[in-house]
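Please see the structure below; I have some questions.
Chain nomenclature is as follows: A, B, C, D and E, assigned in order of appearance, with residue numbering initiated at 1 for each chain independently.
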Amino acid sequence: MIALDVMTVLLVCTGLVFFVAGTAGLLRFPDFHSRLHALTKADNLGLGFIALGVAFQMTDAWSVAKLALVWMLAGLAAASVAQLVARAALDRLPDESGGEHKG
Amino acid sequence: MTAPLPGAFPALELLIVLPLAASLLAILLGGRLAPRIVLLLGPAMLVVTAVLAFQIQTQGPVRVEIGGWEAPLGIALIGDGLAGVFLVLTAIVMTAVGVFAQKPFGSEGAETTESYTFWPLYFAMWAALNAVFCGGDLFNLYVALELLTLTAVAMVAYGSTRAALRYLLFALAGSLAYLMGIVLLYSATGTLDIELLARQDTIEATRMVSGALMTAGLLAKTALFPLHGWLPPAHGSAPAPASALLSSLVIKASFVIIVRIWFDVMPDVAGTVFVQLLSILGAGAVLYGSLLALRQTRLKMIIAYSTVAQLGYLFFIFPLAGGAAAETPWAAGAWSGGMFHALAHGLAKAAMFLAAGLVIEALGHDRIDDIKGIARALPLTMFAFGLAAVSLMGLPPSGGFLAKYLMLTAALADGQIGLALVMLAGGLLAAAYLFRPVNRALAGDYVPEVAVVTYWRQLIPLGLALLSVALGIISEPPYDLLQVGRSKVAVEGIDD
Amino acid sequence: MSGAGLDSATLFALTGAILIGIGVYGFIVHAHLLRRILAFNVIGSGIFLMFGALGFRGAGNGTDPVPQALIITGIVVALSLTALAVALLVKLAEEEGGATLPEEQPGRGEAE
Amino acid sequence: MTDAMPILLMLCPLVSAVIIFFLREENERLRTTINIGSSLLKLGLVAWTLEGVGRGVIYEYRLEFVLGLYMLLRIDALALLFIALSSFLWLVTTVYAIAYFRGTANLSRFFGFFNLCVFATTGIALSGSLISFFFFYELLTLSTWPLVVHKGDHESLAAGRTYLGYTMVGSAVLLFAIVWMEGTTGPVEFVAPPELDKLSGTAQGAIFALLVAGLAVKTAIVPVHSWLPKAMAAPAPVTALLHAVAVVKAGAFGIVRIIYDVYGIDRMAEHSLGVPLAMAASVTIIYGSLKALQQTDIKRMLAFSTVSQISYIVLGASLPGPFATIGGLVHLVHQGLMKITLFFAAGVLAERRGVHSVSQMAGIGRRMPLTMLAFSVAALGLIGVPPLAGFVSKWYLGIGGLQAGHPWVILVLAASSLLNAAYFLPLIYRAWFTEGPDSLEQYDGKEGPTALILPAVVTAFATLGVGVLAGFAFSPLGWASLIVQREYIP
Amino acid sequence: MTAALLFDAGLCLLVLVVAFSAVAGRGLFGAIAFFIIYGMLIALAWLRLEGVDVALAEAAIGAGLTGMLLIGAWSMLKQLGVSGLPGGPSVPLRIAAGAVSGLVALALAATVLALPDGREGLSPAVAESLGRSGVDNPVTAVLLNFRAYDTLLESVVLLIALIAVWSLTPRAVWGGVPGLAQHARSDGVLSMFGRLLPPLGLVVAIYLVWAGSSQPGGAFQAGTVLAAVWLLVVMAGLYDEPPASSRNLRLALVAGPGVFLAVGAVGAAFGVFMGIPEGFAKPLILSIEFALTVSIAVTLALLVAGRPRRPA
């Protein structure tokens, strides 16, 4: 049983590392798009690891499936929203991106 | 199915189910047919309320355990005298206003915003009022009160958005305080049923805090003196049928809950300080409301401020209840007097607002300086206004007089000269600010040209005003109905 | 502290009380109506949190189901009121270009 | 039968009022028949009860309202005196009003309220308990106000406003006193005086003062009398019936009830409540006559003379001893007859000849012989010239004053008679013995429609008859002594 | 045990900080953003209190829909130029408000601490009658059987709130389409997202309703999920809102409360108002829940969309 707990702790820690990285990116990166980039990528990966870690604690398969569903949905939502926010940002901050991208 | 015996006839439940069903039907049928529902529902409700009153009178208070679950778990409906009397008042005023509103919110031609949305709100308000008057569970009263606030705010919004918003803010604050009180009460006693709560006599501190919170919240909704800021603009600028409902019924709902709290749930907790505070606020309301009503230039604003004033009387039952000592049995009428005042005021105020509505329909405005001679153009309407004014002033032979007399006797027997003087002063001030418009309406010798107002619609306010006056004459049946299931505290007094 | 000692239920109940305080602060301080509506929602959730916490009976057997049901009802009622408040506020802004309730003379709108 | 009579008496005016309210303006004929019919019916009923009460039959009806509040209607001798007067004068005034108002606007409303007001007056007379009295006392205010503001012009509205102002305050004071008393003694009935001993001496005095203050407004006792002259702005029939008979008499009748049936003569003497009241009445008598002297407008002069005449009744009632009481009660009827004649005559003069002020009275006697004859008879009666009605009441009041040990009453009566003469005689002299200006010629020869002149003449004859036939049992004097006899030797 | 207490303490502190910045924050949009996060944290707190049903409701309705309402209002106010007030509240007002709110919080805290512990509330009564209620989840039992009358009134409150919002429609636009026109690119990310999620959302909603009888879930939470799906579809520009005057929209609105009321009325006819006979309690409750879910979903979606603004 100890092995499962050790695996969980390990995985959750790596997940946390990614979250910290994402947040550091949010605070440190110069412009809007890079911050957005950092956030979506790092946090999503972090969430994946944590979900995996927690999966080890689950007793039945259904719960694991639900966790996977949660992670997949979160990933999908994050990706779509990042796209939309990036596109919206383009219209409002034209000087940063240089080129004229039609929305 | 044979006609059920009056005993087994589910009158109380029908009073909730019918208006709710009508509201849903109104949403479904749309603006063209919705107004016609009231022509069916009104009489039906009057009949059901009459049967209920008969049941209460003959078999004592009716108690309905909803869903078959008894008190602590399920919700109970109480059909005692107090509930019966207010349900009858609601049925009468609602039917009258519903028939009156056929024209302004009618459906000739295409469906408009008003003709569609008014009727679901109207029936939902009716259901909410009935739910509040016979509710037996405090949280259930909260949900019914919120439904009532929603419909009331929406009706005010027909007239002025700003007034509706101010009303909503006060109502929100009020409902939060009331909710907080419920949370504390439930956590302390483990039940929300009024009858079970009455048997609790422990944890005095928590019950006092929760009582104070609930009362503060309900005072905001009843617009008692310091918290009345929202009422005049709301009742003044809402359309006439809406203001009639607001002034005569909606504010009485939260008042009845306060009565239930302090006369049924926790009479022993109310200290003399609390009772005195209510009487002072009531006196303030009477004087402040009347003085401001004197200064208004619009008819509906006068009536709205008059509501603020007349509300003050209702809160005199707290200091005056009791005084049922053996040698002065006639001095125990304050509680019933207060309820009679609520009834007479309800009928008279509805009549007045409808009359004002007719004046607005006829002249296009209700500025007092320019309604010269309207008494000749709309004789019946102004006669109804005058009759309602008589009842509001508490002049015999009206219901208002009977209420004032009962409360005055109790006040003087109890030695509270101050309250007696305030009541008399209130009556005089009411005479001052109500005769001003009547005087102006009689003035002038020409008949102003007016838009045509159909004859039978003028009979509605007249009917309500006559009922308000008749309350003072045929006062035996309502009085006996009121005594059924009345809490003994109402006769022995609150301040322990 | 007397009473139930510092177990998590009491902790959440106290948090509820403080939330109500914060909400009341917001309700009084702000003139902008949207912020007052937000404050109203904070107070509401604070009250419900306290209600639930006071009904919490130890880690194993969860919270007393009756408060839970009442809270769900309360949340829906709060949403309805917020929706109406927001709709009224937007209409007020469209009509009079303001989002506050200055205490001036009552509305001059004629009936009908 | 004994409890049906009060209801019948009450229903007569009420039913006619309700019907007339909903009548169209046009059906004049129906309205007139209802008016006359109901007043005749009532007069018949009064005659029937007169005979019954004479035999000692008690008519009583009790309508239970609610805990501690019930309506008691009871016909005793005193009530009948007032009812007989009001029914007779109601009939006469109806005839006068129909003639006076022929062709003017919203008469259904007028006669509706007119009958409602008579209903209230009947109620006041019949009420057997203090609260029932207050009930109808208030109703009287409400039904007379629309009559005062009937014309709708500026003065009558102003008059209406002052009238309301005074009466509303008065009724508030009265209600306070009644409830204060009833708070401790329970519902007060006139037949069984309440146990006032529960209240302290000062409280009894204070309650009496408040009761009288409340009633003083309608009795137009000095400090609170100024609404009466102002109410002259109302049309003539209104001033005639209401301000000479119904409204003003209701106040006086109330004071009589309070003194005899609530407090009782011995309690009055014990707390010496009678003297201050007598003083107030005397002051009013003198002040009223003085003010009347200064008036140029006839109707205002008559109003001020009413102010002083009513206080005769109060004076009579406040002095202990049977004779003063008889004098007061009989004056209740006599003053009504005389004053109504004067108002009728003044109304005809104003209506037919446009005569409003005293100076215009020159030579009017030749052109309006009958009206002026009635006017003169009533005026002389008021002055107290025997054998007219005025003399009888003043005579008894004088003896009563002596008997009660207050000789100054004689002085007051004498002074007021002199003042009455001072303002009435020049009027009569100018009307009969001076030559009027020819401008009056262009009026058509006839004096006016008989229906307008007849009422004044009839009441003038009544004044004469009452004075001459005072000795009869069924004369007002006889009836007054019957009342006093039952009062003092129960 | 102290670890759990430590976590709770941390959570509570976080909740208070977020709440304070939501209420006293500088910018209005920032305040709304903080409010949504606050809603999530409160949902977490409810999980700690093992009130899973309430956690679902708080997350979906408390944070989700209320947040959407506030953001919608903020954007409209921004267009009208009234989204922010120049000067903040004056300092004395802040101090006074602080004092009042502090007093309120203290009083409530004292009352809470004064409550006797070992309170059972009504959970034993619920547990004992759970068997006869036809469902296993105690919260659903209370909501739809013991206190069914409350829930009936509440569903009417929700419906009437929509009618109230519609009553603000100016006469010219009555019967029109609620909400603002959405203009998303037909081949963009949002429309793809809008096409992908709805089926999944539908499945989750039905699962929530079905599971509601035995595990946490129920009509309100499921209704919110459906409403969210519908709003996403509209925002993705795939469908437009039905006009307010359309017949079947009105039918959908009335379905939930209508079925609920019908069951109640039938019960009343047999002597027990709102009585759900034990024999077939479960199917009855489920049918009520499904009808309620439909109505709640449509009502919530239209509430967030606001009053009709565009002609039909």
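Definition applied: contacts are C-beta pairs under 8 Å (C-beta built on N, C-alpha and C of every residue); 3 or more make two chains touch, one makes a residue touch a chain.
Since the structure is predicted, the reported quantities are computational estimates derived from the model, not experimental observations.
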Set of chains whose contacts include both chain E and chain D: B
Steps needed, at minimum, to go from chain B to chain E via contacts: 1
Maximum centroid distance from chain E, chain identifier (CA atoms): D
Chain located farthest away, centre of chain A as origin (C-alpha): D
Chain centre separation (chain A, chain E; CA means) in Å: 27
Distance from chain D to chain B - Cα centre to Cα centre, in angstrom: 43
Geometric centre distance via CA averages, chain D-chain A, whole Å: 99
Two or more partner chains touched - positions in chain E: 108, 112, 114-115, 119-122, 126, 146-147, 150, 154, 157, 160-161, 164, 168
Chain B: positions in contact with at least two other chains: 73, 139, 143, 146, 150, 153-154, 157, 161, 180, 186-187
Pairs of chains, among all present, that meet the touch criterion: A-E, B-C, B-D, B-E, C-E
Residues of chain C touching chain B in the complex: 20, 27, 33, 36, 40, 43-44, 47, 50-51, 54-55, 66-67, 70, 73-74, 77, 80-81, 84-85, 88-89, 91-92, 95-96, 101, 103, 106-112
Partner chain B, residues of chain D touching it in the complex: 64-69, 106, 109, 131, 134-136, 138-139, 141-142, 146, 149, 151-154, 157, 160-161, 164, 168-169, 171-172, 175-176, 179-180, 182-184, 186-187
Residues of chain B touching chain E in the complex: 8, 10, 13-14, 17, 20-21, 23-24, 27-28, 30, 64-69, 72-75, 77, 111-114, 116-118, 120-121, 124, 127-128, 131, 139-140, 143-144, 146-147, 150-151, 153-154, 157-158, 161, 180, 184, 186-188, 190-191, 203, 205-206, 209
Chain E contact footprint on chain C (complex, rising order): 1-4, 6-26, 28-32, 34-35, 37-39, 41-42, 45-46, 48-50, 52-57, 59, 61-73, 75-84, 86-91, 93-94, 97-100
Chain E to chain C touching residues, read off their complex: 4-5, 8-9, 12, 15-16, 19-20, 22-24, 28, 31-32, 35, 38-39, 42, 45-46, 48-51, 53-54, 57-58, 61-62, 65-66, 69-70, 72-74, 76-77, 80-85, 89, 93-94, 96-98, 100-102, 104-106, 108-109, 112-115, 117, 119-123, 126, 138-139, 141-143, 146-147, 150-151, 154, 157-158, 160-162, 164-165, 168, 218, 220, 300, 303-304, 306-307
